[in-house]
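Have a look at these structures, which come just after this line.
Both complexes below contain chain A, partnered by chain B and then by chain C.
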Partner chain A sequence: MTDPTASADRPRRRPGLTGERRLSAFALLLVAPAVLLVVGLVAYPFLFSIWISFTDRVIGGGGAFIGFDNFRYLSGQAILGSAARNTIVIVVVTGILKLAIGLGLALVVNQHIPGRGFLRAFLMLPWAMPAFVAFLTWRVLYQPIGGGFNLILTQTGLYPQVIDWLGQRPTAMPSVIAASVWRGFPFWFVSILAALQTIPRDLYEAAKVDGATRWQQFWTVTVPGIRHVVIVTALLSSIWTANAFEHVWLLTQGGPSDATMVFPVLAYLGMQTQRIGEAAAVSVVMLPVLAILVILATALLQRDDDR
Partner chain B sequence: MPHLTANPKTPRLAGMAATALCASLAALPLPAQELGGDLTYWGGLIFSEEANALLVSEIEAWGEANGVDVTVEMINQNETVQRVSAAVEANTMPDALDVGLELLLNLSAQGVFLTVDDLFAEVGAAHGGWFDSVAAATDTTAVAGGRTGIPYGVTGNMILRRTDLLPEPPRTWAEAVDMAASVTKPPVSGLGLALSNVGDGNLQVSVLQSYGGRLAGDDGKTVAIDSDATRAYLAWVKDAWDRGVFPPGNATWDGAGDNQAYLSGQAAMIANTGSVGIAARNDDPDLFAVTGYSALPAGPEGIISPIQPNLRAISATSDNPDAARALVAHLANPEFMAAYFATAIYGPVLQAQESMPAFDGSSLIHAGLMDLVRNGTPPGFPDVFNQGYAEALTTFVIPRMVQRVVIDNWTFDDAIAEAATQLQAIYAKY
Partner chain C sequence: MTARRGWPDPAMLATLVVVVIAAVAILFPIYWMVITSLKLPRDIYRTPSLWPSVITLDNYRVLLTEKDFLVPIRNSFLVAGTVTLISVIIASLAAYALVRFRFRFRGLVGKLILFAYLTPASLLFIPLSIMMARLQLGNTLTGLVLVYLTFSLPLSTWLLQSYFRAVPRELEEQALIDGMSRIGALIRVVLPLSAPGLAAVAIFTFTGAWNEMLLALVLISSDSLRTAPLALNYLITSDVLPWGPLMAGAVLTSVPLMILYFVAQRFMVHGLAEGSVKG
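Showing the complex of A and B:
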C-alpha cells in the first residue's frame, strides 16, 4: 500500500518554468522584435530575391522554377562580362582614389590651420548633395558643347578641340569614376578624420622623442590608428559603389557601347522588360563578389582584434 | 388618310432606325449617374503643363458629377514602367491608367488589365469610328484574348529642321546625311539623332527597316537581322558618323539629348515627336518661326514611320471597374479632347477628332501628327510587334549594334552577329 504522505516529502516542482529558464525566455522575448526585424527586412527579401532568380517570374505572373536558366541566359550575353569587369574597375579605382583624397584632406584638416571648421563643413558638401543633382551637374560639365570642362580647355587654350567626355570609350569610364570619386570622397574624409582625432597626441610626442621622422610617425602611429576605420569604410564604400546605379545611369546609361555598363544598370534594364527573374539573377551574380569583399574585410578586422 | 400596311421592308427599316437611334444615343454624353465609390487614376505626365492640368480637372469634375471620390496622380512617363511594375507586384494598381503600347502588351499577357472590347466598340461608335491604323496597332487580342486598352492619342517621330539652314526637307536618309554634312560646322551639327541606350535611340530601328532590315521574320520569331539590308543600313550610319554630322555625345544622350541639341542650336535637324516645337514656341519664338516639320525620310524600301499609340487601361484588380469604364468612356468626349489636343502633342485616334480645331492645319505639328495617323506605319512594321520585338526595343539591341560599329569600330559582321545572338535569346523566350 502506498504511503499517502510520501508525495508530500518529495521536492515539489513548481508549475511552469524554473527561474533560469524564465530568464532565458524573457531574454528571447526581448530579442524577438530585433530578430523578426532582421528576418523580415533583411533575410526574407535577400532569400526571396535569390529564389526569384531561379524562376521565370515576370511582373504580374507567378513564375516557375527553371533552375539555372536565367544564369545560362545571362552568361550567353557578352554584356555580362563587360558589366562584371566595369563594376570591379569602378569599385577598385574609385576606392583607391577616395582613400587617397579622403586621407590627404583629413590629414590636412586635422592640423591646426586657419578656417579648419569651415573647410571640414565645405568638404562635406558633395556628400550632402542629392546624388541625382550631383551627377546631372557633372553631366552638364561634361557636355561637349557648352560644358564647363570643354569651355575651360578651349578658352584657356589648353586644348583646342572639343572632347566628348562621355561619348567615347577612352574617356567615358574615367569621367564616370571622377564624378563618383567627387561624390564619395567626403565619406572617407569624415571617417578618417574621426579616426585621426582618436589617436592620442602622446603617441606622436613619444615618436618624436624617439627620433621618428614625419613619414615614420605616419607609418607607425597614424596608419595603425586609422586602419580599423579604413577597412570598415572600404567595405561600406565598395558595397555602395558596386550597388550604385545613378552615377552611371545619369551620366552614360552604361554606354557608349558597353564602356560603362555595370551590374545595377544591367539589372535595371532587365526590370524594364518586366522579367524580374532575369533581373534578380543579375543581382545574384554580384553576390559572390560582394561576399568576397565582406569576408576579406571581416577577416582583417578579426585579425586586428586578435592582436 | 394613309395608314400603315404590311411591308416586307418594315422590319429592316425598323432595325435600321433602332441602330441609328442607338448610335445617336451612344454619341450623346452619358447622363450623370451616381456611380459612387473611390477611383484612382494614373495619368501620363506630358510636356504640356496645360494639358496635364486639363486632364486632372476633367477627371475630378467627372468624379464630382458622378459621386466618385477620384484621386488623380500624374506619373512621369519615364517612370511608368517602374511605377506600374511595383504596383502590380504589390497589388496596389490604380483603377485606371495611361499606358504605352509596349507596357500594355507585356502586362496584358499576364492578365493585369481587363479586356474592354465592348468599351472599345462603344467609344468608337460614339465618335465616328477608330482610325484603321490606330485600331490595328492597338489590338492585343493575340496576347490577352481581347483588347485591353482604349487609345486616346498617337505620337510618332517627324523631322524638325531649321529652315534657315535647310530650306527643303530631306526625302531620303541618304539625302538627310548629305544635307546635314553641308551645314555641319561647329558648334552646329547637321543631324541630331540619338544613338544611345534610350527610347530615342530606337528610331534607328525604323531607319534599319526603311533599308529593308528586319529583326525577325514574318513568324515574329526567326531572327532575320543578318542580312544585306542591315549591312546597307550600317554603312549609312557609319558614313554619317565618319562625316561628323551627328552632334558629339549622341551615343550617350539621355531622353532629352535631341531636344537640348536642337533648342540650343547645336543640331540643324532632329527626329522628334514635336515636343521640341512646343518648347520652342514657348521659349524661343525665333527658333519656332524657322522650324519646319516633315515626315521621316525614306530608305531604299520606303518610309517607315511607326505610330506610337497611347492608351487608357483598366486594372483587373480594380474595386470599381464600372466607374473606371465610365471614366475612360467619358474621357473620349469631344469637348475635353478638343481642348486637350490643342495643348498636347498627340494625333487623333477617332475619326470625329479629325475635325477638331487642333487638326485644321493651322498647327504644323498637329498637321504632321494627322499625317502620321493617316500614313504612318503600324508599330514594328514590317516586323511583327510582339513581346519579343518589344523586349528588343526595351533592351536597345539595335542602338547597341550601331554603337559597336561607330564606337568600338567592330566590323559590320561582328556587330550583326552579336545582335543576332541577343535577338535569338530574346525571341526564344516567347
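Showing the complex of A and C:
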C-alpha cells in the first residue's frame, strides 16, 4: 500500500517509539481508565455481591458473616424453586422459538427476493424498540379490557370469552414467553443471516452436482456453516434472558402468585424487603450455571476475535 | 435456472406467506401502541374497537402536562448522552491499544472487558446501590451515569475493537512516518475511518442507557430524577386506568429510536453480527 520510496530520506520511525517497553507502557496508559472503571464498577461489586450473600446485612446496616444461612433459608422457600423452574423454562422455550423463527426468516431473506434490505431492516423493528416499551405495549395487548388480543378473538368469533392472559396461571407464562420471543428473535435472525451470507455459493453448487436434495444441502452445507454462530448466539441469549428483568416485571411482576417469578425479579423484590443478604443470595444462586455459560461464551468470542 | 419468472412457484409462494405472517406479527403490537395512544378513554375501555371513532392527542397532553413527562425525557437524555460520551472516549483509547499493540496483560485486559460485558446487572444491582449510597451518589443522576458505565464501557470497548481492526495498519504507519504521534494517528486516521463504527457504537450505548430500568429503579427514588422507563413504570402502578397516556409515553420514547435504527441499520448490523449486542 505505502510507497516505500516516499519516505526514503526520512528516518522510518522516531527513535524510541518502537521500544517494546515504551510501547507497552503507552498501551497500558490507554487501557488504564477502562480497566480501572471495570474493576471498580464490575469486578469489585461482583465479589462484593458474593460476600453480601454470606452476611445478614439489612438496609443501612453492616451485616455479619453467617455462612450458608441465607442459602439454607432460601432452599426451604417454595418461591426459590418456582424462580429456578420458571427461569429455566423461559430460557429454554424462548431460545428454541427464537432459533426456529430467526433461522426460518434468515433463510427466507437470504434468498434472491426483491426488497431484501428493506425486509431485513423491517424484521429488526421489535429489537429496535426499547425493551420497556415492548413489554408495556404487550401488557396493554393482553388486557381483558382495552387489549388487542381479546378484541380480535371476540370480534372474529374465534373465542367468545375474554381471557385474562396475564392474570391466570395457565396463560401467564406462555404470554410472557410470547412477548419475549417477539422482542428477542431479531437478534437471532440477524446473527444467523450474517452467518448464512458467509457460506460460499459454490458449496451449494458442489452439493447439487453430487445430487444432494435441498434438505440434504441444508444439513451438509447450511448447518455446518451457521453452527458456530448459533452456539454463540444461544449462549449470549441464554445469559441475557436468564438475567432479564423487564419482561416479567412489566408484564406480571412474577405473578399470579409466583407463576412467572424469575431470579432477577425475586432478587429485586427481596431488596425491597430490606433484607439485603438474602436478596444477594438469590442472585448468587444462579452464579454457578451463569459462570459456566459466561466462560464458554468468553472462550468462543475470544477465539473469533483472534481469527 | 429454475422458475424465477412468470407465475410464482410454490417456494416463492411459501416465502410470501411467511413474510406476510411475520409482517402482521411485527406490526400489530406497534399498531396497538400507536392507536391506543390516540384513543379517547371510551374507545379504550367502554366500546373497544380495532379502529377508534375519534383520533385524539389528548393522551399526549395529559402525559406532558399533568404527568410532567418532559422531565423524565430530559433526565434520560442527560444520562444516556453523558454515558455515551464518556464510554466512547474511554473505550476508544482502550480498544485502540487492544487492537494495535502487543503488550503485557493484553490478553488479561481483553478477557476482563469481555467478562465485564457478560456480567449481568441483575448480579450487580445490590452491591452497586450500596456503593453509590456510600459515595453519597444514591438517588442522583451522576450515580446513575456511573453505574451505567458497568455495561456501556465493556460493550463499546468490545464493539470498537472490531471496527478498529478493519482499519488498515498501513494508513496508520504512514501517519506515524509523517511525524504524527500515536494519539494523533488515532484521532486523525483511525477514528475518521471508523466513523460508521463509532456512530453505531454510540447508538448502541445510548439506547442501552436509554432503555435501562433495573438499576434506575434501584437507585432513583425522587420523582424529579426519574428516567423515562421509571416514569412509565410508576404510571402503571398509579390507580387510574393509564393505558392511553402510557402508550403515548411508549410512542414518545421509542419511535425516534426506531426511526434511527431503521436509517442506520446498515452500520449497526455489522456490530450486531459480531454476535455481541444485548438483545
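One rule holds in what follows: the second predicted complex is superposed on the first by the 248 of 307 C-alpha atoms of A that agree within 3 Å, B and C clash if a C-alpha of one lies under 4 Å from a C-alpha of the other, contacts with A are read in each partner's own complex, and residues count from 1 in each chain.
Quick note on the criterion: contacts are C-beta pairs under 8 Å (C-beta built on N, C-alpha and C of every residue); 3 or more make two chains touch, one makes a residue touch a chain.
Here the structure is a predicted model, which means the values were calculated and not measured.
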What is the contact status of A:Thr156 with respect to chain B (first) and chain C (second): first, second, both, or neither?
neither
Looking at chain A, which partner touches more of its residues: chain C or chain B?
C
In the superposed arrangement, does A:Val58 touch chain B (first), chain C (second), both or neither?
first
On the A-aligned overlay, A:Met271 touches which partner chain: chain B = first, chain C = second, or both, or neither?
both
Classify the contacts of A:Val108 with the two partner chains as first (chain B alone), second (chain C alone), both, or neither.
second
If we overlay the two complexes on their shared chain A, which of chain B and chain C does A:Gln143 touch? Say first, second, both or neither.
both
Under the contact definition given at the top, report the residues of chain A touching chain B in one complex and chain C in the other.
139, 143, 145-146, 250, 271, 276
Within the complex, chain A is touched by chain C residues 4, 12, 15, 18-19, 22-23, 25-26, 28-30, 32-33, 36, 44-45, 48-50, 90-91, 93-94, 96-98, 101, 103-106, 109-116, 118-131, 146-147, 149-150, 153-154, 157, 161-162, 168, 170-171, 173-174, 176-179, 182, 207, 210-211, 213-214, 217-218, 229, 232-233, 236, 241, 243, 246-247, 250, 253-254, 257-258, 260-262, 265-266, 269, 272-279
Please give the residue numbers of chain B that touch chain A in the complex, ascending.
81-82, 85, 88-89, 103, 106-107, 110-112, 186-187, 196-198, 247-252, 254, 264, 266, 391, 394-396, 400, 403-404, 407-408, 418, 421-422, 425, 429
Quick check on the complex: what are the chain A residues that touch chain B?
58-61, 73, 76-78, 139, 143-146, 162, 164, 166-169, 172, 250-259, 269, 271-276
Quick one: in the complex, what on chain A touches chain C?
1-2, 7, 10, 12-14, 17, 23-24, 26-28, 30-31, 33-35, 37-39, 41-46, 48-49, 52, 104-105, 108, 111-113, 117, 119-134, 136-141, 143, 145-146, 148, 151-152, 155, 182-184, 186-187, 190-191, 194, 229, 232-233, 236-237, 239-240, 242-243, 245-246, 249-250, 263-264, 267-268, 271, 276, 279-280, 283-284, 286-287, 290, 294, 297-298, 301-302, 304-305
